[in-house]
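Letters A, B, C and D mark the chains as written, and numbering starts fresh at 1 in each.
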Amino acid sequence: MSYLADFQGRTYRVVVTAMGSPAAVQLDETTHEVDFTPIVGGLFSLLVKGRSYEVDVVEEGEGVLAIWVEGELHRIEFEETGRHRRKAARAGGQGKGGPQTIVAPMPGKVVKLLVASGQEVSAGQGVIVIEAMKMENELKATGPGVVKEIKVQEGAGVGGGEVLVVIE
Amino acid sequence: MFSKILIANRGEIAVRVIRACREMGIGAVAVYSEADRASLHVRLADEAYLIGPPPSAQSYLNVDRIIETAKTAGVEAIHPGYGFLSENPDFAMRCEQERLVFIGPSSQAIRAMGGKTAGRSLAAKAGVPVVPGATRELSDQEVLQAVKEIGLPVVIKATAGGGGKGMRIVSTEADLAGAIRAARSEASSSFGNPAVYVERYLGGARHIEMQILADGGGRVVYLGERECSLQRRHQKVVEESPSPFVDADLRARMGEAAVKLAKAAGYTSAGTMEFLVDSGKNFYFLELNARLQVEHPVTEMVTGLDLVKEQIRIAAGEPISVRQDDIRLRGHAIECRIYAEDPFNNFMPSPGRIHTLRSPSGPGIRVDSGIYEGCEVSIYYDPIISKLIAWGRDRDEAIRRMRRALGEYVILGVKTSIPFHLRILEDPQVLAGQIHTRFLEEWLAKGLVGAKEGLAEIALVAGSLYLHTKKPLVQGSGGQGGPAESLWKLAARHEAVRRR
Amino acid sequence: MFSKILIANRGEIAVRVIRACREMGIGAVAVYSEADRASLHVRLADEAYLIGPPPSAQSYLNVDRIIETAKTAGVEAIHPGYGFLSENPDFAMRCEQERLVFIGPSSQAIRAMGGKTAGRSLAAKAGVPVVPGATRELSDQEVLQAVKEIGLPVVIKATAGGGGKGMRIVSTEADLAGAIRAARSEASSSFGNPAVYVERYLGGARHIEMQILADGGGRVVYLGERECSLQRRHQKVVEESPSPFVDADLRARMGEAAVKLAKAAGYTSAGTMEFLVDSGKNFYFLELNARLQVEHPVTEMVTGLDLVKEQIRIAAGEPISVRQDDIRLRGHAIECRIYAEDPFNNFMPSPGRIHTLRSPSGPGIRVDSGIYEGCEVSIYYDPIISKLIAWGRDRDEAIRRMRRALGEYVILGVKTSIPFHLRILEDPQVLAGQIHTRFLEEWLAKGLVGAKEGLAEIALVAGSLYLHTKKPLVQGSGGQGGPAESLWKLAARHEAVRRR
Amino acid sequence: MSYLADFQGRTYRVVVTAMGSPAAVQLDETTHEVDFTPIVGGLFSLLVKGRSYEVDVVEEGEGVLAIWVEGELHRIEFEETGRHRRKAARAGGQGKGGPQTIVAPMPGKVVKLLVASGQEVSAGQGVIVIEAMKMENELKATGPGVVKEIKVQEGAGVGGGEVLVVIE
């Protein structure tokens, strides 16, 4: 089985060439012999040339894995080669000059709106204050623009990832 | 001694107090909001009662409901933990009126010392040096006026504050109005009191605090200091005892000042005098924390005392169990506060479900935690989910143990400060003990170091094997050399593992 | 100092040594049998290598394979833990020959003292009183002869023994032959050596042992005693330090005897001199345990020392990190060995899968464990799966903490000794410290108290609600008032809980 | 829903009269109001008149539950009333005088057979030695009889619950 894996802007070719104990995985040019043992839930124990790793794997979407190794999180998108599905275009589009969306980074409550619709904002200007876990967090504009739409009102509860304000 | 105590708190500190009760043979009564039915403190308590909806103001700050519950359950005393009602003199007074013992200082002592401004003015009278600034709560206008007098930078503080809530440092006049608003708003929602004052901000100083115990018979002892200079947004992140900066002479001077203040205020129970200490070993009184501190375990580990038990004994009219001369600090203890927040994304709070939890243990390690695998970290409350404490014969061993334990500590489902702590405890200046209250902010400004090198390969390999093994067996899609067959072999191997 | 160490062991003690290595910045290399691929020590180690099939003789006792692995992995030293090869002089000698440092005494010292009979004869020569009996291994015939001389009751002991293995008390002649056979057989499978000897069985005495450290520079210190009288079938069940029976004078006399013996034997590393102590405070040397003991954590908690680190330092040629005068015992520590066995069914071993695990923590609690939720407890190895250690300012607090922690400790899927420990620590004689080596056997003969009263109702209620909620919703089979509807409500409530 | 529950030789009638928060359960004559909250896996938190209990439930067979409350195990057999299934007769039949079966109490290895087929044995006599977890355990006859059948040989591995020796 062969995969293309996207991680931090690079694409890796990963081929599982043998299962069993050990399994063999070819990563770019190198083949790794791996003892891959399930422990419990998403926890696996890997032995690679004697080196022992604990690895936690959580599936966040189809082919999108959150993988912790020694406390470090790696979010990797795997695509099986030979399947001719195109990856969905990356969400967001937070590039300079384009429209910005101010998104709730966590569930919480809108404490204060610091801008009004139609108002001009500069880069770094506070746009909205969200409270969660007793801390207030001011979300700021990443670049200059004009407030196009405010999707929430003060006092409202918001979910993580919810779009709060759109700036053009 | 009491037969039953109500714990007017939640999370790790409620669990901590329940454990002390159990060891003393006292019944532990928990209270919980609707968001906390499945919380660890409810599970571990002897009794548990619902006190209202999730927002604190309607539950953990709901004085009437808590008093009513205390009477229904038939407790003799209430332990407030930290935060919530712990430093609220009205609550303490209400307990006194209702003939419930408040496990903490008297309402009078809280009023005299617990409010930050009152404490400053009393300290000044008692001859203990204080940081320049106001000694009473101020209106917005008065804050602006005071800042003109004492000069920037300043720190705006909630008079009822604690835990870094309702606190803002201001370096430029432009930020002043926003900072006052934010401080009042946080103070209001956290402590039910929007009052603020202002004091000079002493950059470069250390935050060192002195733990005291005072009983009803007039005995007051100090239990050594805690170094709490590693802070972010005025929230303590790492605490240790003893301070690498404090020698026996400074310890005795600070301890005696703390004892003097406690006596002047008629203080009883456990309390903490916070000081700023400059490089010349001059100390300035900041405030009294009229309650148990989050970081009390480091003092427990070096003194061998159980501060919660001492509080309970004192509240029951018993004397402190040690004399000043018998208090010996042994070794070194360090605490990391584990917050549910994302250190790689501006420390955004990270509520959610903890789907994976592996806790450290072994020599010198203590975990005071309010979480379990499968629990929800709620959006309604403080992000401290656990405290990891390490003891060692010296500071070096304590830090090494802490790093070892942080490495064992796996909490998945919410982001936590664990990677942040690991990086802090590798910094050469931290290892040398050369820290001050702005240290972490400056250190963070340089940017957090990202993932360790060389682990990406392991992640890529593990991910591909994970996907490969979970694939339905029927779907043998090419590849080299009979994948279907090898998958069957793998499945058989898993079975064998399981049967073993 | 070493850069990498191989740990020739498994389970909780391998995990313990790995933690010490990590804190010292030393690479930890695990070895494992085919039964242990998914074991905690393999998961936590830096490196791990397979050394053979499940039976110990083919894996953890496989000297060639372990030496070969040590060379492949490039380690400088081997830590043997306890049991297995830890007191095998041939293994120590082989390490010496292969230029691998054996973390323990020299093969010569093990030969001089480690074998039980050799130690007895050396002690007698050094003027330390010993229990009457043989000072060399005996044939079956010689055992029968010796018993005639010293009289019944006697105890048959494996010369290579430890941990109660290969040991049988005999009170009647009829049982003698069977006991010899059983002792030889157990000794053979546990230590690869069927040799036994016999000594007088001193009923009513206490088992108290003295921990020592000795370095290559000739410094020998004693770290206080451990009271280990609570035993079942010669397996220690509960250990504590200090002993409630030992005063400063007896401690000094025993400590000095232990130091004298260690010096006479040219002993280095950590070691333990076991003594029987009678009611007149006379002590008799039993044997030297030439290795780390299972119960070493109680000494660590009262002295503040890390014995594994001391062992490693001594093996690396460094001096012991303390002098005798600097050793202070603080407070009291107690250990419960958590065995996978059924206390309500004659302590039958209970291997199996641990499907539920909740570990205690908080003030004064240490867990040294080799298990995790989901792991298999194997039939092949020792039934110690975890050790729970509690520290308190005094014995009373330590015991209360232990009971609190035992109450928090939930291990399901295998039977454990936890209910047994809870009952032991409620016995008035145990609380008064009035114990001896036969105490537990006599206490058990009275029968273990069954389940606490009043919990059956809760179990019945919980069971019916469990069955009710798991029932498929379509199957509304009568009952009072629309069960289908109420089940939907319940499901909705669960959802709400989950979403919270 | 109504159950008959067998526990330690007594049969209890348990009726769940209402679900929700709290649920109501009638046990013999008394009705208990219970807040029954699932925590994780087989763990439940019960609040009964304010008293808090942690309860672990494991299903060992149909209607047979192992229930731990405060560290104490209760093994209870529930039968839904109205369902007209008969309980299977209890296995074993270890009564005095009848045939005895010596059963392996845990997985392990046969170290030694202490009796031969046809041999007479007395009550308490050792019959077979099983080793597990490095400890030898001698299994004894519960009463007098004659060894009828030995189903294992020395050195063999045996499973937990396996019949080793039959004595009549």
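Note that a contact is a pair of C-beta atoms (placed from the backbone, for glycine too) under 8 Å apart; a residue touches a chain by one contact, two chains touch by 3 or more.
Everything quoted here is computed from the prediction, not taken from an experiment.
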Distance in whole angstrom between the CA centres of chain B and chain D is 46
Dist(centroid_CA(chain B), centroid_CA(chain C)) in Å evaluates to 36
Residues touching two or more other chains, restricted to chain B: which are they?
37-38, 44, 372-373, 378, 407, 497
Two or more other chains are touched by the chain D residues 37, 41, 54
What topology does the chain touch graph have (line, ring, star, complete, other)?
other
Throw together a list of every chain pair that touches.
A-B, A-C, B-C, B-D, C-D
Show me the residue ranges of chain D that touch chain C in the complex, using the header's touch definition.
1-3, 5, 7-8, 12, 14-21, 23, 25, 27, 32, 34, 36-38, 41-44, 46, 48, 53-58, 63, 65, 67-74, 76, 78, 80, 82-83, 105-109, 111-112, 126, 129, 131-137
Which residues, counting only chain A, touch chain C once they are in their complex?
35, 37, 39-41, 45, 47, 50-52, 54
State the interface residues of chain C toward chain A in the complex, per the touch definition above.
29-30, 37-38, 42-49, 72-73, 372-375
Within the complex, chain D is touched by chain C residues 165, 178, 182, 185-186, 189-190, 340-342, 345-346, 348-351, 355-356, 378-383, 406-407, 410, 412, 418-419, 422, 451-452, 455-469, 471, 477-481, 483, 486-487, 489-490, 493-494, 497
Note: in the complex, chain B contacts chain C through residues 15-16, 19-20, 22-25, 35, 37-38, 44, 297, 300, 304-306, 321, 330-331, 353, 358-359, 361-369, 372-373, 376, 378, 393, 397, 400-401, 403-404, 407-408, 497-498, 500
